[in-house]
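A, B, C and D label the chains in the order they appear, each numbered from 1.
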Amino acid sequence: MKPVFLASALLATVLTGAAIAQAGAPIKLANVAELSGGGATVGTNWKNGIDLAIEEINSKGGVLGRKLEVTHADSQSNPGVARAQVQKALDAEPYVLLGPGYSGSVKVTAPLAAEAGIAQIMGGEAAELTTAGNKFLFRTSFGQQSSMPKVAKYINDELKAKSVAIVWVNNDFGKGGRDSISKEFAKYNIKVAADLSTEAGQADFAADVSKIKAAAPDAVFVYVNEEESARILKELKRQGVTVPLVGETTLVGQKVVELAGDAANGARGHVGLTTDAPVELIKAFRDKFVKKYNYVPDHNGLKGWLAIYMIKATTEKMGKVDSKGFADALHGFTITAAKEPGILMDATFDANGDIDRQGFLVEIVEGKQVVKQVLPKLGN
Amino acid sequence: MTAAKTLKIGLGIVVIAALIIVPMNFNRYGLFILSQWAVMTIAAMGLNLTLGYAGQVSLAQGAFVGIGAYTAAIMTSNGLPLIGALGVAIVLCFAIGWILGYPALRVQHHYLAFVTLAFSTLAFLVFRNEDWLTKGIYGISNIPRPEIFGYPTRRPLPFYYVCLGSLALVSLAVWWLIRSPWGRAFIALRENPVRALSLGIDTRRYTLMAFAIGSALGGVAGTLYAPLTQYVDPVPFHLSLSLDLLMMVIVGGSGFFFGPFLGAMIAVLLPEWLRFTQGYYLMLYAIAVIGLLIYSPTGILGILDRFISERRTKAASAQRAVAKAKLEVTP
Amino acid sequence: MTAVLEVTNIRKSFGGIAAVNGVSFDVQEGEILGLIGPNGCGKSTLFNCILGQLSPSAGEVKVDGKVVTGMRPSELNGLGVSRTFQLLQVFPKLSVRENLILAGQEHQGNMLSRLLGPSDAGLTEAANQMIGFFKLDHLANEPAGGLSYGQQKLLDAAMAFMGGPRLVLLDEPAGGVNLTMLADLKDRLRAINQEKRATFVVIEHNMEFVMSLCTRVMVMAEGKVLAMGRPDEVRANPAVIEAYLGH
Amino acid sequence: MSNLLDLLIAGLATGAIYAIVAVGFTLLWQTSQTINFAQGEFVMLPAFLMLAVMHAGAPFWLAILIGIALSLLLLGLGFKMLLVDPMLRHGVLPLAIATMALAIGIKEAAKQFWSAEASPFPSIIPGGDITIFGRVVALQSIGVLVLAILAVLGLTTLLNRTSIGHQMQAAAQNPTVARIIGVPVERMILLTFLINAFLVALASLLITPIYLAKFSNGEVLGQAAFIAAIVGGFNQVRGAIAGGLLIGVVDNLSAAYVSTQYRAAVPLVLLIAIILFRPQGMLGRPEERTV
């Protein structure tokens, strides 16, 4: 009695799930992201960016006259679930696969997309993702292998620091950054004075900062998420740490300034992709986003947006909706903001799927980001 | 009675045949989900043994799945066979489960929940921090799928059969166990440990056994999980997996043989069923679980069981009345 | 005759109050010793100390000449000592037969054989005999929870005999049992006592039951032994009449 | 040495909040055998209620009042009537599992109806630092510590010095006897639920300016409160307070002197050790196990 009910329900459900047919006109995209669990903030921003971009494109007539349509699936921040959802998305033969955002989930799903021959535009930043020779995987932001050398160079050339304390959040984002920058520091003979792992969501940084003080480094490299950045900046100020604080987008973003107040002053960092970039198009994007969702997006919102405009620009370049040709068309393609304003800043995609574009070195001065240096595209 | 039994056996055969034949036409996603169901069912069966039969709360089952998964990942990526990893995982989880059972001998059930909860978090920290062994937060990728009798199972369908076959073997073993005197001793342990003790049942040994065997099944599930997802990192084995498994057991019906099958099916397929609710599905799941628990703390099969036993009692009392009437008639 | 149970100077106190205060007695093979006394005189505590449910504050318990003080109840049961409790302690979800098999299974084979061997541990026959002996035949497959109170009480007692014990301690076996069944129960106990040479210690409030069943009676009051002797002796003892029987 | 002082103060401030949460936790256990796995989410939620009220245009002080009132209604009365009362007869475990489900429900609701994004939350304590004995200390830490101590003192006074408090204790320790001597046990149990709701709302008010209002805040807090309650003593209010402060300090010290990677492990090891060797907690009464 029981087992039959069980299995028939199971089979029926799977069957209906499998039988989603491919319809005509709209271009189908599939997004698999961290909509719940530990990565919910990342995934929700990414999803909102996607929805915003699609809404805008569709209101202007779509791509090659066809509307874009996206399905969102929740990976629950779990690679196993991500794999299942990506498998499902691929079985429905989407034009392009979007997401996930966690590097671990990307790692487990990338081989599936490659096997299906469908391009995957994702949010992961771990260095190793694009070094494995996958021809279908594309980034929406700098990988750590391209941003960290710039930060290390700055710390060495401009700050002349000989010893640095590293504070990182112990997840794949933080660990990836820490590993990449440690490698760079080794090249410059910069000593790592303290190597402090912190937890995502950590509220109390007293112990970490007191360790930094004890290590007396020439500079501190902070690689944690925005909220934790704000908290540690406050604690650094309180305990009177005065050496330069260097980070990435997550240390010098507008959100951090809002949360940390005065304590953010003097923090500097490399900004590859930020809603605070001194670029008019980006500011316009930010306003649109805030208008629709009532909050300031982080870089993941921007990534989701860019992913859609990458698809638009590439498709228009090909002049047809060709899933198989998509990856080839995007490799080596430079999308200019002049031609496609949605891309916000000129961007070039190399043969590995890495993105190249301008970056900035900024410092927080009296609660405002001030661009200290514009880092040109590598390819120029 | 015998007709009902024949019907049951017949239906069982139909279900098993369906599980073998129908998925042949499934796409990769369907097969993956079914495989995941099989793996989670194995883990939940282990917990059902510990919790449902022996009455010992464990919030560490997810950690044992993790230990099994890492054992499989580490060994098979170093070229060792999966079957070897399975052996190691069983022994390892059995031993750790045995040790973890010791607090159960000293403290009441809610404390036990906290000890196992703490263990679960500690295991996560070890998975994440011991890079040399587990590759830390990056995880272990490209885990190979095994060859069974020289037959590769890299494709989804053959690997589904590996999962299904494992589930069948585990089900048989568990079925045997709960029918054996051990199973009866577990139930005695859950229902009335004092009385059990006075009947010569060594409650300590059986408690530890219940923990150890339940944990070992978690390890078995883990050794299948690793080649199924072909990637293992610490995140899935956080406390939430233990809680999910606990809910699977409770929702399905703890202490019922088929409870885990049903509970795992609901947990694995629920996002599918509630897809139309968009982001609200976890909220609805929570509400549904609470509602179910209020109505029937023994889960879905508990409702069924209640229904059946009510009917049986009615029938029995009717029979008794008839018998009594006869007795009174005969002088 | 040899002493199956020897209890020497058992004491047990809870937070400074002595529930059992230096009790000594022994039980000879084949005896049925009745244990009576007013509520709260320490009878059940004494049982629990003898059987390892509680560890006595002082004193010694020997079974067949072997010191068993501090042994766990399950180990004691392994030595052939079994018991019933004051309150019903059957397993309501298991059938009557399953209850009996459960009660006997730990006396069969070892852990491994109990796992790999037959599901009934080879006890179906023995259980059926016990069921027949206690006249529960028509209920063998019913869940124990569905039985009447008196039937459950019989089952409870029957479970204590499944392991083929040498010594059985029964805590109020007649409590709440109706008259017809009471006679039955007495009958059964006496039969087991004689056929299987099992020794009994029985706590009971039903004087009629005790006096007609037991070979010797021990009276307790305030944690101490007040009197000990044949039923008629005890009945005539002025101290007993004063403390307990004298209403 | 000077470092140690910094760590102690920061640890005590965090620990004071754990203590408030842990106290509520033990109250629920004592009066109605409820192990509330959603206690962390209970702390997370009131801040969102207050934010929602402010969003509707109310000033901060009014939002606080309405927020507390809503907490009493939802997390006190509603929790008791809708979940605990119908579940209690099923025993400790099903109820505990139902609260796990409730935790998921509250977390997801906050995310869906508000945002997955962390939102800033105003502080009732002025920002900035003060210098005490030559150490720079955040006003926030001092304020949290002081308010938490006041709350706990108020609660212990209520329990030990007032007739209502005595009735509550009687209801918790032996409901049957309490009922016989005329204590309105049901009302007293409801009162403990309301007190718990008030305590979590207070904790929410104190901690959210530091943690930011985020749906996932409850995970860390809930676990810390469990550990604090058990380490201190599950059945004693003062035990829970001591446990909370201890866990706050131990967490900081272990991050500084043991390992940042394993900082979360130290309180857990402490928890396991306490359960194994002194299950009644540091200050608790022993609860006998019958086997």
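Just so it is clear, a contact is a pair of C-beta atoms (placed from the backbone, for glycine too) under 8 Å apart; a residue touches a chain by one contact, two chains touch by 3 or more.
No experiment lies behind these values; they were computed from the predicted model shown.
A.B. asks: Using the touch definition from the top, what's the fewest steps needed to get from chain B to chain C?
C.D. replies: The fewest touching-chain steps linking chain B to chain C number 1.
A.B. asks: Using only Cα atoms to place each chain's centre, name the chain farthest from chain D.
C.D. replies: Between chain D and the rest, the longest centre separation is with C.
A.B. asks: When contacts are scored as defined above, which chain pair ends up with more C-beta pairs, A-D or B-D?
C.D. replies: Between the chain pairs A-D and B-D, B-D carries more contacts.
A.B. asks: For chain C and chain D, what's the span in angstrom between their mean Cα positions?
C.D. replies: 49
A.B. asks: Quick one: chain A and chain D, Cα centre-to-centre, how many Å?
C.D. replies: Computed from C-alpha means, the inter-chain centre distance equals 36 Å.
A.B. asks: As a quick test, compute the distance in whole Å between the mean CA positions of chain B and chain D.
C.D. replies: 33
A.B. asks: How big is the gap, in whole Å, between where the Cα atoms of chain A centre and where those of chain C centre?
C.D. replies: That pair's centroid distance is 73 Å.
A.B. asks: Multi-chain contacts only, two chains or more: what residues does chain B have there?
C.D. replies: Within chain B, the residues that touch at least two other chains are 128-129, 194, 197, 203, 279, 282.
A.B. asks: Can you list the chain C residues in contact with two or more other chains?
C.D. replies: none
A.B. asks: List, in ascending order, every residue of chain D touching at least 2 other chains.
C.D. replies: Expected reply: 108, 111, 261, 264.
A.B. asks: Please list each pair of chains that are touching.
C.D. replies: Pairwise, the chains that meet the contact rule are A-B, A-D, B-C, B-D.
A.B. asks: Quick check on the complex: what are the chain D residues that touch chain B?
C.D. replies: Contacts found on chain D: 35, 83, 86-87, 90-94, 96-98, 100-102, 104-105, 108-109, 111-112, 223, 226-227, 230, 234, 261-262, 264-265, 268-269, 271-272, 275-276, 279, 287, 289-291.
A.B. asks: Along chain B, where are the residues that touch chain A in the complex?
C.D. replies: 7-8, 11-12, 14-15, 18-19, 22-23, 26-30, 32-34, 36-37, 128-129, 136-139, 141, 225, 228-231, 233, 235-236, 240, 258, 261-262, 265, 269, 271-273, 278-279, 281-282, 301, 304
A.B. asks: Can you list the residues on chain B that touch chain D in the complex?
C.D. replies: 57, 102-103, 106-111, 113-115, 117-119, 121-122, 125, 128-129, 193-194, 197, 203, 243, 246-247, 250, 279-280, 282-283, 285-287, 289-290, 293-294, 297
A.B. asks: So in the complex, which bits of chain B are touching chain C?
C.D. replies: Per the touch definition, chain B meets chain C at residues 177, 179-182, 184-185, 187-188, 191-192, 194-195, 197-205, 309, 313, 316.
A.B. asks: Spell out the residues on chain A that touch chain D in their complex, using ranges where they run on.
C.D. replies: 36, 38, 40-41, 43-45, 170, 196-199, 201, 203-204, 206-208, 210-211, 213-214, 226-227, 231, 234, 238-240, 258-259, 261, 293-295
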